[in-house]
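Residue numbering begins at 1 within each chain, and the chains themselves are lettered A, B and C in the order written.
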Amino acid sequence: MEFYLYLALFAPLAGSLFAALFGASKKTMIAGVLPSLLLFTSFVSSTILLVYILGGGEPIHVEMMTWMATGDLYIPFGFVVDQVSVTMMMVVTVVSTIVHVYSIGYMDHDKAFNRFFAWLSAFVFSMMVLVMSDNFAGLFIGWEGVGLCSWALIGFWYHKESATWAANEAFIMNRIADLGMLIGIFLVYWNTGTLQYNEAFAIMPSLESDVLVWMGIFLFIGAMGKSAQFPLHTWLADAMEGPTPVSALIHAATMVTAGVYLVVRANPLYDLIPNVGIFIASLGAFVALFAASMALVNRDMKRIIAYSTLSQLGYMFVAAGLGAYWVALFHLMAHAFFKALLFLGAGNVMHAMHDELDPFKMGGLKTTMKWTFIMMTVASVALAGIYPLAGFFSKDLILEVAMIEHHYIIYSVLLFTAGLTAFYSFRLVALIFHGEERYKLFGVHPHEAYKFMLIAMAPLLILAVIAGSFKMTYFEMVTAVLPATEYHIHSALTYWIMTIGTQLFVILAIAFAYKKYANSAVSVPDGTSKMENRLCYKILKNQYYIPYFFEEYLVRPYRELSTIFWKQVDLKIVDATVDGIANVIYVTGDKTRGMQSGNLSTMLKWMVIGLVAMLSLAVVFGLAVRHADDIKMILSGLGVQ
Amino acid sequence: MFEAIAFYLFAFLTIAMFYITVTTSQALYALTALAAGMIFISAFFFILGADFLGAIQIVVYSGAVMALYAFGMMFFDTTRDVKEKHGNKLIISGLSILTAVLVVVIFAAPLVSSNIEAFYPMTEGVGNTQDVGMVLFTKYLVPFEVAAVMLLVAMISGIVLAGKKMDLSLTLMDEATIAEEKARRDEENKKVLS
Amino acid sequence: MEIGLNHYLVLSTILFAIGLVGVMRRKNLLMLFFATEILLNSVNISFAAISHHYGDLTGQMFAFFVIAIAASEVAVGLGLLILWHKRHGNIDLDQMSTMKG
């Protein structure tokens, strides 16, 4: 089994290195095909491991090599395959294999085809390190690795100013959060003396609750950055500057869920500090609503889906915060499937519309892009949480958790958000595929994507439909390591009212969206309609003015402060010191130049002066050596050691 | 008593002579005063019982070296005063005295204080010259020979340097002058050969 | 009044100082040579005095070698001096500025 572990882990790395060999050369099909094949190998290995774990096998724990061993610090390159990590491995390998195959078609005309695959596979490797590591240090390496790859892939089209800006924004925001993460890891090491998960978590119950709270908070700050929780959420929407497969893989299915994974992985810690859990859940619920509301009015297809991702991450954090870790992980998995599908569908539409992102400029595409239409509709239905698709099982479960844990405010917020989710998803679908063919105004001739891209997406479609039926199998598997709390509403009546009520609410929202956007009256907004001038619309349109706030109150003062430091401190103190030293030497040289007059008489005088100086030194040192004992005595009398 | 009178007398004379050497503007005065000073110094050697050294002092310095200087001076236009632009007297004197004191302190003071045992003690009942000869040709034979070689080298170099054609520097001449010089010399050589 | 080692050392110091003054003050190269002779002789006096003080011949040996060195120095130095005079027509120290940087 260890062989499969290493195969699953290192196959993406091999693929990445292989593609990197062709990084600077022209497009080579092999640079895309081989990494995809290697990823498929990784996927097969993960499946074998999953089957093994499902069959009741013991978690596989290997220690590849010692990384650091100094004093009490011992960090190995250790990897563990248990019920939690195998779930993540499955999600990562399934989605990334599909995205790789899809990308071969999507990036077909791109000049940097080879470079794309090098980075994409590198990302998968980092993600595998992140989920498979058996200690916090390894997790952190993967964490930084995915951050790096994410940066490179968001800024993949680096000739676009906005892309490099978005890449840097994502990277810098993640660094801020990573500082918190790092502090959290230091706290763990400081207090438990180890970074291994099982050892650290075994010691934690004996620690003071204050310490645990700080640990939990700092680790969660790291999770907030990676999972783009408020207030570090702005990077995720901007990250949509990257190629669409990247958005599907990194910014929907895998990397952004790393924060959730961290909280799930650290469940013994968060179980000890329920107050922090409540905070996480509240923040999650807030973000769910907050992001969904921004998605309502946005006119950028990819950004809408990004906000939806953000909102769903909020759901996951609610579940994780309330102690329902397996539910969080389950939603993570289901969400990865349908959200990746949604993104890839959006990629197809983008390709067809020649990189047009505004859904108002599309419309009526269902005839030309039948398969994409079906896939995106199914994905949206799954996202909305309609029975019997994946979203229903996972999302309704989170609602039930909130209800059972008696957090009614969270429950109602989530319920309302579910309605919003359904509305904006179908607003998007309706605008793209229904109504009049507005794109004709812009002279675009849409076409369906390559066949093999659609076939590659098919597994996601199937998974988005059937993922919910794995619920019980999955539950039995992960509860071997996660707290096995079953969430059942006590009275059957309440349960049915809740479920049917939610379903009805969601269906109403969908119907409303169709009614409003699927008709022929929809036109390209030009900023004159009554709705667009409402205050709330403007607030939502401008993302609650948060990017504006960041720019105005954080970035600008920082820039001004930097300018002040540059002008006052750097130029006047640091540079002046260095220049001063140089000047002293220069002036000394300039003044003593006179000595080198070439006049032998003067030189003789200087020679004698030098002789006097040297002889005096000789006398002084000679006396000092001779009277060393006396001098020591005098010095010790003066208190000098 | 006699020793003291002799010491002070010669000390005064030596200092006076050397002072004249250093200060006078006439080269001839300086040369004469230096020669006199050298002879007076030999008096100290006699007082100290180093008879042979005293004799050598008179022979080498007053005889050879001074004669050499006298001949050297004939080459130079000594009547033309070299413009002496004296520096600050105080600084120069101060520096000189300081250096002299320091040198003496460093090299002589340890000898005064410590008790050194003689390596080559003077032999009783034997004259100084014999004594010196015994040490010089046994313990100091190799340095003595090296000194002899050094003197030979100095003699040859003196002859060569002061000899003919050494005033021409090929590095300071341009190509044309060198060619001209060469042609002229070839011509001379031809004349000699024919 | 006993004349001891100290007297000779003081005399030697005075002569050395005079020699150094000469080295620094004179601009005539020939005078510079004279001054160096004075320096060497002042050292010779102390050698002889110390030799006498300890009853050891080593000091006198050194004095011999110093005289030998002085003689060769004069030979080579005068040769160079004549050469210089032939080429430049003067032996003024201030005029020798080929070492000017």
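Observations on the model:
The criterion applied here is as follows: a contact is a pair of C-beta atoms (placed from the backbone, for glycine too) under 8 Å apart; a residue touches a chain by one contact, two chains touch by 3 or more.
This structure is a prediction, so every number in the text was calculated from the model and none was measured.
The chains touching chain A as well as chain B are C.
In terms of C-beta pairs in contact, the better-connected of the chain pairs A-C and B-C is B-C.
Averaging Cα coordinates per chain places chain A and chain B 90 Å apart. Averaged Cα coordinates give chain A a centre that lies 86 Å from the centre of chain C.
Chain B and chain C have Cα centroids separated by 6 Å. Counting partner chains per residue, chain B shows two or more touched chains at residues 87, 92, 95-96, 99, 103.
Contacts with at least two other chains are made by residues 601, 605, 608 of chain A. For chain C, residues that reach two or more other chains under the stated contact definition are 20, 24, 27, 94.
Listed in rising order, the residues of chain B touching chain C in the complex are 1, 3-4, 7, 11, 14-15, 18-19, 21-22, 27, 30-31, 34, 37-38, 41, 44-45, 48-50, 52-53, 56-57, 60-61, 64-65, 68-69, 72-73, 75-76, 78, 82-87, 92-93, 95-97, 99-101, 103-104, 108, 111-112, 116, 118-122, 131-132, 135-136, 140, 143, 147, 150-151, 153-155, 157-162, 166-167, 169.
Residues 20, 23-24, 27, 93-94, 96-101 of chain C are the ones that touch chain A when the two sit in their complex. For chain C in complex with chain B, the residues that touch the partner chain are 1-3, 5-9, 11-22, 24-28, 30-31, 33-35, 37-38, 41, 44-46, 48-58, 60-61, 63-65, 67-76, 78-83, 85-87, 90-92, 94.
On chain A, the positions that touch chain B within their shared complex are 601, 605, 608-609, 611-612, 615-616, 618-619, 622.
By the touch rule above, chain B contacts chain A in their complex via residues 87, 92, 95-96, 98-99, 102-103, 105-106.
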